[in-house]
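Take a look at the structure below.
Just so it is clear, A, B, C and D label the chains in written order, and each chain counts residues from 1 on its own.
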Amino acid sequence: MAIVDLVINTQHPLQAVPPDWPGGFWWHWLFFTVVLIVFVLVMVMAVIYIERRGMGRMQSRLGPNRTGPFGIFQPVADAVKVLLKENIVPTNADKLVHWLAPVVAFAPALLIFAVVPFQNGALLADLDIGILYVVAISSVSTLGIFMAGWGSSNKYSLLGAMRNVAAIVSYEIPLVLAVVGVVLIAGSLSMNQIVLAQGIPFILLQPLGFLIFFIAGCAEINRSPFDLMEADSELVAGFHTEYSGMKFAMFYLVEYAEAVAISAIITTLFLGGWRGPVLPPWLWFIVKVVIVFFVMVWTRTTLPRIRIDQLMAFAWKCLFPLAVINLLITALQVLTLSQDLIWVMIPVNIAIMAVLVLLWSKFFKLGWGRVEV
Amino acid sequence: MTIETKEMMLRTEPFVLNFGPVHPSTHGVYRMRATLDGEVVLDIEPVFGYLHRGIEKLAEQRTFTGFIPLTDRLDYVSSMSNNLAYVMAVEKLAGIKVPERAEYIRVIMAELQRIANHLIANGSFLNDCGAYFTPFLYMFREREKIIDLFEMVSGQRLTYNYMRVGGVSQDIPDEFLPALAKFVKQMPGKVDEYDRLLKQNEILLARAKGVGIISKEQAVNCGISGPILRASGVKWDWRRADPYSIYDRFEFDIPTASDGDCYDRFRVRMEEMRQSLRIVEQAMKQIPAGPVRAEVPHIVRPPAGEAYVHIEAPKGELGFYLVSDDSIAAYRCHVRPTSLINLTALREMVRGWKIADLIIIFGSIDICLGEVDR
Amino acid sequence: MKFERYGIGIVKGLTVTISHLLRHPTVSQYPEQRLNVSRRIRGNELIWSREKCTGCGTCAKTCPQGAIEIVTSTNLAENKYEVEKYQVDNGYCIQCGLCVEACPYDALYMGYSFERAKYRRGELVQADDMLLESAERPASGYFHPEIAQKLPRQTLLIERITEKR
Amino acid sequence: MTVALSGGEVAGQLEEKFPGGILESDQNCLVVKGDSLLGIASFLKDTPELNFDYLNYITAVDYFEYFEVIYQLTSLEHNHSLVVKARCYDRDNPALPSVVGLWQGADFQEREIFDLMGISFDGHPNMKRIFLWEGFPGYPLRKDYL
């Protein structure tokens, strides 16, 4: 704690570059880079453990329980095992692309955390355009996934990668529109400012926005029920069918790092970030991230997967109009309501969400199915 | 080079994707070559034979009794039904009357086996839909309880080899009926739980409803039997249409559906589990005491002739056609392969659907490769 | 108004999965927790009794796999067969139990043990003294109700699990 | 209860339509000539009072002098069944007309018989081996195959 306070106190809390640049800057940079990498790796291991144990219990079994007490070292054991595996590259693969893909996919997952505040001002770079940065960076990993699909020269991989590109391009739009609602209320693009503005967590002010963001976020990071890119019952393993050893481990890491990233962003944007009573802020942040992740595990355990055309239809015909309506309503509310009356938005917005969801599920039909051939 | 300004079409061509024989959801070593246009299935060509063991030829070299263990290996998720069909064929050939108690035991076993098979069928169907192993494991939990009962009576967990010509191999042990009563009491709640888990699930409805439709006429024409036929709206069950064993003594309904899509097949199977439980419950109450095996020599020698016996196995009509030439081994033994014939319509069912639908349509047919390839 | 198409199915499913989080898991941890197998289990390896065997060869005839090989010689003095060799190839054995059922003198038993894997195929071929009953090769109660009486009761999943916590 | 129609009875109905088409008929079955098999089959399927719309199975037996191909038909409407048999005396190139056009369920089964017994069915759209690979020597279910 002390060292965190030290770092925060040596700089202006809301400025990316501290005043006593360059010494303070490098100190800040080094500290947070190390913290972020450690945080991401530890969190990934933790969420893998949570997912496997939680899913195991929900499926009436135990989950990994052999390595270490309660099996907590299972992710470590898996990592060691996978690192010792032979690295197999298909003969017809595009070697360079095949090699580069995991790196390209992994980098953005790590970069996202640069703007996520762990507590007030405790973040690598408090960019003024924080959330815009997140949106921009997060879609880069698609490139890595497509490279993996293309470079493997495997039809299953290619199909998975194509599905991924199609899905991400579509889901980016409702995702961003849902974010805009939050930005309108908070009045800032900076992640730290958004957290500071959340006297009431935005999940209450923006229930529909939260729903859209959560669904679109799940689709972005290939979590069930949108895990069509890996779809083990259809495409064997999707884009990473032909990967083994360290490169497979990278993809595995990407998958969970992205899940943590999306959970962290949802926490920051909708759940009040590090804000909370009693516990220290960074702990609140981690607890909330884990809760959001657990909901993802829960849905993954329960729901079947949807089909690619239904996925696209859902994005364009359901989430997109809902996001636009949400944005309009939010803008109207921000324009008309004064700051004191902000609590009025809670019941109103929840009612609006219920009505819209009911309305859409009534008129909206998923997919059409058969194509004449 | 001139560019067509009127229609700037991208030139695309279909490609062939090979499914199986090792693919997570081909339920064994089935293989199909699918011709795809993007995600749309244009055509499939099934390729069989990866599990062909020549069971029909093996039957000609084994005694009538010695072939019973091999029938376990046909449709290995419902071995009891295979045993039953085969021994009934031999009994018909040799004109053997089965003791009353043995008939009841057989019915209980066959119906428990139907539940076990439908649990696997629905579990793996939902798994194919992408419900990440949850329904599969729940259903395996209940199947495990049935397997426990089978293990108790027969001593094995997969290849039971329990039925014998003229009865069953041994009487059920004393602890069997109490355990069965407990199971029958508990199981309906579990079936309700599966229904709660996914039956109304909107995603499942969107995925499975209206997908892979097979019409009534086509189903009959293709020789399809079992839950698939009933899901298409044909109320046809050999237990009712041609009551074998003692099925005419029990009260049960034949669940049917009308659309013939994947969801209907799933629902019909769910409902059949409930009906099977009803039969087991009635049989449990009525079961008389007495011998469980007719006086039949260990090595049967039926008179020359031929016999065809079919039963309503969990997957459909399972039949054995036996020709005897008055020796201890069958002259010819033909298995009516339910799974193989049910696959006939697969091509028509999947054309025009997406890859994901191909997988779930295939899953909803519920085949067992041991029976397809024999 | 029925809420069938409005996500209520998803919510129902979610309640089922979350309720399982609070129930006991069904699985047992195998090497530590051992369940009793059926009293009639047709376990690995055939068990043969030299005293009871008369060398009639019924077992070899009934075996669908032809895994039993029996060589006898005639003992004219006592007017019976002497079993010279009794050999079972467990690699071919499918544990169908027909030999035990067919044996007219109750000289054969199925094994009660189930962890009898071998590293070499040659070790699967067992003959004569290797087939006798011993401490690590107990006999099962398959077609031998008198043995079944003494064996421990089978653990049943249906009785073992109390699903409500 | 499914009524097994007597072969003799049905033969009476068929005799005037297909003179010489029926070789034998007894209580259990109806043995027809290979050439008239298709005609008789379509008659059995399309006549309303017979209406055999369901083909249970097809199989073949090798009796050394001839191959016997057995068709079991069921009518789901009337709930009766009939066994029709056809014989092939040619051991080198046995052939019969295919019934795929009438009952699609015959598709894989005819291929299976072709594969294992070597009887080819004329008019089948895809007469290829089904379980064994192309070029497999012999037909395993024949009695002279060792």
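Note that in this section contacts are C-beta pairs under 8 Å (C-beta built on N, C-alpha and C of every residue); 3 or more make two chains touch, one makes a residue touch a chain.
Owing to the predicted nature of the structure, the values given are computational and were not obtained by experimental measurement.
Trainee: Count the touching C-beta pairs: is A-C or A-B ahead?
Mentor: Per the contact counts, A-B leads.
Trainee: Starting from the mean Cα coordinates of subunit A and subunit D, work out the distance between those two points in Å.
Mentor: Taking the mean C-alpha position of each chain, the two centres sit 62 Å apart.
Trainee: How far is the middle of subunit A from the middle of subunit C, if each middle is the mean of its Cα atoms, in Å?
Mentor: 51
Trainee: Quick one: report the Å distance separating subunit C from subunit D, using the average Cα coordinate of each chain.
Mentor: Once rounded, the distance between the two centres reads 44 Å.
Trainee: Hunt down the residues of subunit B that sit against at least two other chains at once, touch-wise.
Mentor: Expected reply: 134, 138, 141, 197-198, 201-204.
Trainee: Please list all residues of subunit A that touch 2 or more other chains.
Mentor: 58-61, 301-303, 361
Trainee: Mind pulling the subunit C residues that touch 2 or more other chains?
Mentor: In subunit C, 5-7, 10, 13, 16-17, 20, 26 touch at least two other chains.
Trainee: Applying that definition of touch, give me each pair of chains that meets it.
Mentor: Taking the chains two at a time, the touching pairs are A-B, A-C, B-C, B-D.
Trainee: In the complex, go through subunit C and note every residue touching subunit B.
Mentor: So the residues of subunit C in touch with subunit B come to 4-10, 12-13, 15-17, 20, 26, 37-42, 58, 61-64, 94-98, 101-102, 110, 140, 142-143, 148, 153-154, 156-159.
Trainee: Residue numbers of subunit B touching subunit D in their complex, please.
Mentor: Touch residues, subunit B against subunit D: 48-49, 52, 54, 56-57, 218, 220-224, 234, 236, 241-243, 308, 310, 317, 319, 321, 323, 331-332, 334, 336, 340-341, 343-345, 373-374.
Trainee: Which of the residues in subunit B end up touching subunit A in this complex?
Mentor: Residues in contact with subunit A: 15, 17, 23-25, 37, 39-43, 126-134, 137-138, 141, 197-198, 201-204, 206-207, 210-211, 351-357, 359.
Trainee: Where on subunit C does subunit A make contact in their complex?
Mentor: 5-7, 10, 13-14, 16-18, 20-21, 23, 25-27, 29
Trainee: Which residues of subunit D touch subunit B in the complex?
Mentor: For this pair, the touching residues of subunit D are 1-2, 53-57, 59, 61-62, 70, 72, 76, 79, 83, 103-109, 112, 116, 130-133, 140-141.
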